[in-house]
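Structure below; questions to follow.
In this document, chain identifiers A, B, C and D correspond to the written order of the chains, with residue numbering beginning at 1 in each.
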Amino acid sequence: MIKVGVLGARGRMGAEVCRAVEGAADMELVAAVDQGDDLAALTGAEAVVDFTNPGVVMDNLRWCVEHGLHAVVGTSGFDPARLDTVRGWQAANPGGNVLIAPNFGVGAVLMMHFAQKAAPFFDSVEVVETHHPNKLDAPSGTAYRTAELIAAARAEAGTGPSPDATTTELDGARGTDVGGVRVHAIRMAGAIAHQEVILGGHGEIFTLRHDSMNRESFMPGVLLGVRKVADLPDRLTVGIESLLGL
Amino acid sequence: MIKVGVLGARGRMGAEVCRAVEGAADMELVAAVDQGDDLAALTGAEAVVDFTNPGVVMDNLRWCVEHGLHAVVGTSGFDPARLDTVRGWQAANPGGNVLIAPNFGVGAVLMMHFAQKAAPFFDSVEVVETHHPNKLDAPSGTAYRTAELIAAARAEAGTGPSPDATTTELDGARGTDVGGVRVHAIRMAGAIAHQEVILGGHGEIFTLRHDSMNRESFMPGVLLGVRKVADLPDRLTVGIESLLGL
Amino acid sequence: MIKVGVLGARGRMGAEVCRAVEGAADMELVAAVDQGDDLAALTGAEAVVDFTNPGVVMDNLRWCVEHGLHAVVGTSGFDPARLDTVRGWQAANPGGNVLIAPNFGVGAVLMMHFAQKAAPFFDSVEVVETHHPNKLDAPSGTAYRTAELIAAARAEAGTGPSPDATTTELDGARGTDVGGVRVHAIRMAGAIAHQEVILGGHGEIFTLRHDSMNRESFMPGVLLGVRKVADLPDRLTVGIESLLGL
Amino acid sequence: MIKVGVLGARGRMGAEVCRAVEGAADMELVAAVDQGDDLAALTGAEAVVDFTNPGVVMDNLRWCVEHGLHAVVGTSGFDPARLDTVRGWQAANPGGNVLIAPNFGVGAVLMMHFAQKAAPFFDSVEVVETHHPNKLDAPSGTAYRTAELIAAARAEAGTGPSPDATTTELDGARGTDVGGVRVHAIRMAGAIAHQEVILGGHGEIFTLRHDSMNRESFMPGVLLGVRKVADLPDRLTVGIESLLGL
């Protein structure tokens, strides 16, 4: 049984984490902490999950590292300076591994990883994402990041640009160009969050598709982090990709 | 047995038509005519299929109408003036029905028809087409036409615009706008000709998809035209839609 | 403003209907009635929506018809005898149109209609449905019904059987056979209710796909029924297909 | 410039290989050999591609190894005994690496690899393959092999069975069971060779799809083999997976 504390336990994501921990056969929820609660309630936990906000997460992390608790962090806002600060705390204290992930969705992470691996072997690659019509940005951050990773993988492998003989284009028809990778954003009532990476060449097309129906889909990644954080090879790990045995 | 003559018989499409007619149990190929051959070879045919070019098709059609032969025409370039000219010939001669279709692909025609029918019942609609990377125009003519038909159907039914809260867009990410319908064009090695119409609303998404692998896919529509041209209610018919019993 | 009453208003579907009516700009919810409430509360409504159960729906309908109220019914259990009983009440009373639909999902109804229309024009047709893994029956009732309708449409048009050269088959690989149409059922965590009808022939494939995310997807069909029930050409109508202008 | 010889050069696949080698900027076709030709024509080649038949491939391979030529082999029929024989020849001769692959399709190999990697992270997994209606076996060999690999990966990771509450099933609706993985085979006019691996869990679905339009799709894998065979870490390599840097 892994003893787990949750920070931000009354927030939307934190409450999901509490439910997921309680539903996991190999975990025990020992502390559900939120704004106004004393961090000392976390004493006795082996791993702490933090879904709070950028304003308080550094204080939370410092406390965890200084008390030798492992931390799994879904809160956003980590830049290189913040990561260095965390490493400094770790250098001064034994114990206290930290896993910080911008995306705990296993499916999304697999898609990005597989897209990078496959990208050098195909002539063409494009990304199509579909989201509900209330989304403010186009394309999605995940689609943009996926295209960047694909472009980098192709550059490293020396793959040429995707062929495209278009001479007459209605404005925007070919999508937006992210490092040479065309990205298309669909906004659709009834949709939630979906993404396709389409790769093609020499009489074959290879498609990776991810459909995310709700935020529940982040929980398996969070639980995986909780299970593995104590044994990670580095004291500070960014992203869950290295936990997936790829 | 329907006796069939083919005009443009040595061209790419005409040769396909000859093979398709020969393979049809209810048809007999009685004349395969091309540039330099005498049209009189068509005498004895009941229906003539014309896949020639805009420069000669009017002379061909006049001959057919004046000789009482029904004609099924896949050659392009028919504007209202040309259609009026054909009607004039028909008024002066008994017999000689004419079916002119810009697209004999049954699947493509069904997609356009169904898209129009479904469009008023959904909040959102977008079109995504995928073609081989040697295509010069984006989006495809079929995708553009589909979007126009959808827009017209929604306007007639009083359907509002597709919802879209996008405030931050990388240039082109949301595709091109055809009468309020967003259209996205993918260019992909390994692809041939593919189109999706995606409709969404209230917790459901409805998708029409058409994959065309080769020009063979036009033959069932041509043969359908040959079978029905003699019995069409109008002497001049444009498009195969009315032959499909929709 | 259409004045609407809801029967079964505290049930899962009825509560959704109440919310949908309240959210519709052209409707007013004048009565929300459930078990134990007096039907007289419906007086003043123009149309009544019934999502109750087979045990009480006939009494409800009789009351509506006798009081001249139009009824839109999603309750199941209507066999020919029950339909005849309803017609008898209508013959004895002026006013009181009745629309009974086993499925108010516009997308699902469109898919079945389009599948029937397209089925005669393709050599092959198969149905693939995907549902959450808690579903007890395979295939789904909708998939079975779709296959039956396709088989009937092909029989009527004289279309031959789908070609299939399989001589070596692992048990079940080719799905189940519903009137000559192969149907495949996928059970998938993360899925809700999805169906594809795939039609193919001569170098082209045509696919109809419907994804249903939640029961919300029935509300547009219910509201359409409420708007049209007063003007239906027949006093008793079964299914919403005839309301869709297809 | 890699000097390449082709064995079986007048066969269907061998002729494709000749064309592909001639089209590759970094290769030179120095010998196109078939039945009746002297193997000595291969002298001067650095790598030899063999698409012949099980009856002659061993003699070809022996000649190549004894003459220090690297070989890339797409001919089928290699069992463990044959592989041992090849290793024996290699032990007695310096030079002469051998790459034998049952499938040179990069997309198909990537799909199998990614499916194995992803399989432990999802509750459910099923395989759906679609082929032209002239195919004799169902499911396809690739689908069967994919399901076996998925089943093995899940067993090794300790993943439980895919959930399935089905209590009422029409015969075959749930597909065939390959090691606990359901496999569905669609036979469709207009289709060529297509496969989907669908994985689902906790509000998300992840899909890998491969569409193969023609045998051209094997050529990039063959050329990759030609480029890498000289530098492979083992003298005998089976499958191209290890060449893909996964």
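Just so we're on the same page, a residue touches a chain if its C-beta (ideal position, glycine included) is under 8 Å from a C-beta of that chain, and two chains touch if they have at least 3 such contacts.
Chain labels with UniProt names: A, B, C, D = 4-hydroxy-tetrahydrodipicolinate reductase.
As the structure is a computational prediction, the values presented were derived from the model and not from experiment.
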Furthest chain, CA centroid comparison against subunit D: C
Inter-centroid spacing, subunit C versus subunit B (mean Cα positions, whole Å): 33
Interchain centroid distance [CA atoms averaged], subunit A/subunit C, Å: 40
Junction residues of subunit D - those touching two or more other chains: 122, 190, 201-205, 211, 213, 217
Topology of the chain contact graph, where touching chains are joined (line, ring, star, complete, other): complete
Subunit D residues within the subunit B interface of the complex: 190, 192, 211, 213, 217
Parts of subunit B lying in touch with subunit C, wherever the complex brings them together: 105-107, 110-111, 114, 117-118, 121-122, 199, 201-217, 219-220, 244-246
Subunit D contact footprint on subunit C (complex, rising order): 122-124, 126, 128, 130, 133-139, 144, 162-178, 182-191, 198, 200-205
